[in-house]
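The first chain written gets the first letter, and so on, giving A, B, C and D; residue counts start at 1 in each chain.
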Amino acid sequence: MANKIRVTVWNEFVHEREDAGVAKIYPKGIHEAIADFLARDPAYSPRTATLDQVDHGLPPTVLSDTDVLLWWGHMAHDRVSDEIAAAVQRRVLEGMGFIALHSAHFCKPFMRLMGTNCSLAWREADERERLWVVERGHPIAAGLGPYFELPREETYGERFDVPQPDSTVFISWFEGGNVFRSGCAWERGAGRVFYFRPGHETYPTFHDPNVQRVISNAVAWAAPRVMIPGAHECLHEIVPLERI
Amino acid sequence: MANKIRVTVWNEFVHEREDAGVAKIYPKGIHEAIADFLARDPAYSPRTATLDQVDHGLPPTVLSDTDVLLWWGHMAHDRVSDEIAAAVQRRVLEGMGFIALHSAHFCKPFMRLMGTNCSLAWREADERERLWVVERGHPIAAGLGPYFELPREETYGERFDVPQPDSTVFISWFEGGNVFRSGCAWERGAGRVFYFRPGHETYPTFHDPNVQRVISNAVAWAAPRVMIPGAHECLHEIVPLERI
Amino acid sequence: MANKIRVTVWNEFVHEREDAGVAKIYPKGIHEAIADFLARDPAYSPRTATLDQVDHGLPPTVLSDTDVLLWWGHMAHDRVSDEIAAAVQRRVLEGMGFIALHSAHFCKPFMRLMGTNCSLAWREADERERLWVVERGHPIAAGLGPYFELPREETYGERFDVPQPDSTVFISWFEGGNVFRSGCAWERGAGRVFYFRPGHETYPTFHDPNVQRVISNAVAWAAPRVMIPGAHECLHEIVPLERI
Amino acid sequence: MANKIRVTVWNEFVHEREDAGVAKIYPKGIHEAIADFLARDPAYSPRTATLDQVDHGLPPTVLSDTDVLLWWGHMAHDRVSDEIAAAVQRRVLEGMGFIALHSAHFCKPFMRLMGTNCSLAWREADERERLWVVERGHPIAAGLGPYFELPREETYGERFDVPQPDSTVFISWFEGGNVFRSGCAWERGAGRVFYFRPGHETYPTFHDPNVQRVISNAVAWAAPRVMIPGAHECLHEIVPLERI
């Protein structure tokens, strides 16, 4: 099974233990819900990691054994150590895929990779969200129709303060009057980064078949094409090139 | 006045002469309505041109005297000659600005410059359109708030089949469930191209102060930074470079 | 074998029949040389087509049976019919891959897809070319080192007048003082376009292992992710969207 | 003079005080050499700041009074405090221009804005550098020919590990066999960032007329179009949008 894509699903795992409503939707936590549907694909070998574990569950041995890292966080972004955030960033630049889910737009690794405020507008109003597929040929949109809907979600709105995506795969429409670039893909270093908007903890969004399909597609897309382990060391040790 | 930006507003000018409702909104035609509000800016020297004129009003003497060309067309795209369309494309690649308005997404010069189908989805349903400013720092958005609205417009929807814009300045929300990249900017050759979505002939859109502000901003943005008259001749006469 | 990638290698096939030196390097023509090395990969099913065949060897039955089209042309660009060029462009926008080789920067299908002059500077001076891999994670660079060299090639130089590539995979250095974006990738419609600079007819470039690797990688990258056969018809038949 | 562009030229100012050869080229320091030629343009109001000043010469009162910040640093990147680096980043995202010169590719503010390793290959070999203008219509290239040369400079080579630039204005050729994207422009938040490669401390590069022209052009380009002072606070205070 050496060729399986090694996926680590990270979750701060706080809401599910503090809020009965959230726990009802995700009894084992959002991370386990995601790992469960990914595990149905024989190409994927998922595991999980959470904030309260040693090194947030992301010691070097785990990061170096991870092809694609998914991240869900919301109320505890500040409790993630700068060291782990820097290690995740470095690993992405070496080639690891990174998928930021919903409120992870403010997580430390994503903000470090973007370099921008990553701010956005939002409200909780139980609105219908319709996600339009803008790039129909993009692998992350494989198997989808022209759009798909979520009956109720938290609303996010532009201006989403990120660098212009290399590909804007989805744009969301919300019944309350907002639009949002909901599926954004970037190349960073040797790695790939995808931001996917849906996934508020109070809705069963990660049980939705289309959402599962997008996340599964994104894992395949973000899997390393090449790993360049020395990339982060170049910061201190730059090799002179030969003279012709 | 040699430093004024020389603007030519082109209009197929058919609807206004065939449809009393349209004529009531734009008695002198859409082109004159646009030229009128541009003329209020002392930096601009606007003129107009229409389909039924000789060379569609765009002979070489006019094109070579134009810094920015605006284009409105809808039902008569096929009546524009390939020669004039090619001449417009060539002039844009030399440095002239080109602004395609509303249904001009299907006009020949724009399609030649994009290289894609330029297709989109649409319906006429008198829907409210809200245009969100995605790039607040972009000159075309200068003076606007986070969004502006048009009470009724034709609906356009994604997938808008164009090359990914260099800047996506606006994204529209429509009450009927669609989103659209409403303000798209591209660099092509030495010239600049802007597509602006609103402007269906049955609505007073070009009388709207925000729409006028966007178009006026776009003219300033699209004005030539440099003109490279020889660029089109390179097709047949490529200059070898000197050996060091 | 239904899953093989169906490759059509198109060549104007003029130099090889008019110039003994070229014929010596490519006795069966550049197209056959390319098809030969592609055929060594069991994932590919290559065929060839040339200018002098009926419909230049690209009737609808061939285009609809092609996943990736490679194009080599130089002195006979004008002899390609506008109809065939338009058909190729349309098929690319539907999802077919298109790879323009060397002087095909001026071929009609590529120019239609780019919308720009596609001009560049050049000289024939038997210079060494070093191609630097700028995007090491890009699939087209798979298996390459930091750079590779061709001992003698025609020199191309910037300004290469194309829309900014979605990915600039290679940048070439020439000993005479020029640089050139030698590997440029674009998304257009549902299809992918790659331009690869090397391949002048007087050099054995297509026998070079690194060049063969790049072209083979590019075929895999450009293979359709999705085909949208109706895309070109949208020009005349736009479907209104449902009201929510 | 309220309309002048307020420029702050920052320099770590270490080489010039430790190395007699560098001091001979830049007796008052690189920062003063740059401020001097910028001061010749009546549109600019330049001042300088250095590492050894309080807050590195960049307290909030200076940053809030700066439209464009230029940065030269090399051996003392680590001595810049994280707080100042974060304040610079925040100000750029609000709208301030930032121009990183030469070895400032590794300075903290630039690395924070890019999110990548910003690594590159290099050697000191007194090589000739030829900078090709790739985007002739870009304001930063105004007044330049197709290329300009520096007789001797430090060599930089790809892979330059930055996010794909929004515009690649220059690509350098070095006689020793390297290429480098020497003029790279990005939009970040409401601000603009430009990286310009030349400027090694042992060469009189900042006395070169073309280099001065590029830097002067870049200041004009990077000047704020809009300032959005609240942008960094959005991290903690996101305003819900009104319901329609």
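Here is the rule we use: a residue touches a chain if its C-beta (ideal position, glycine included) is under 8 Å from a C-beta of that chain, and two chains touch if they have at least 3 such contacts.
Keep in mind that this is a model prediction, so the values were computed, not measured.
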| item | value |
| --- | --- |
| Higher-contact pair (C-beta pairs counted), B-C versus A-B | B-C |
| Chain centre separation in whole Å, for chain C relative to chain B (CA means) | 32 |
| Distance between the centres, which are taken as Cα means, of chain B and chain A, whole angstrom | 37 |
| Per-residue overlap in chain C, given as positions that touch at least 2 other chains | 136, 157, 164, 166-167, 177-178, 187, 189, 244 |
| Pairwise touch network: line, ring, star, complete, or other | complete |
| Parts of chain A lying in touch with chain D, wherever the complex brings them together | 89, 93, 106, 112-123, 125, 155, 157, 161, 163-164, 166, 176-178, 186-189, 231-232, 234-235, 238-244 |
| Residue ranges of chain D in contact with chain B within the complex | 95, 135-139, 142, 166-167, 187, 189-192, 224-226, 228, 244 |
| Parts of chain A lying in touch with chain B, wherever the complex brings them together | 130, 132-134, 136, 146, 157-160, 164, 167-168, 171-174, 177-179, 181 |
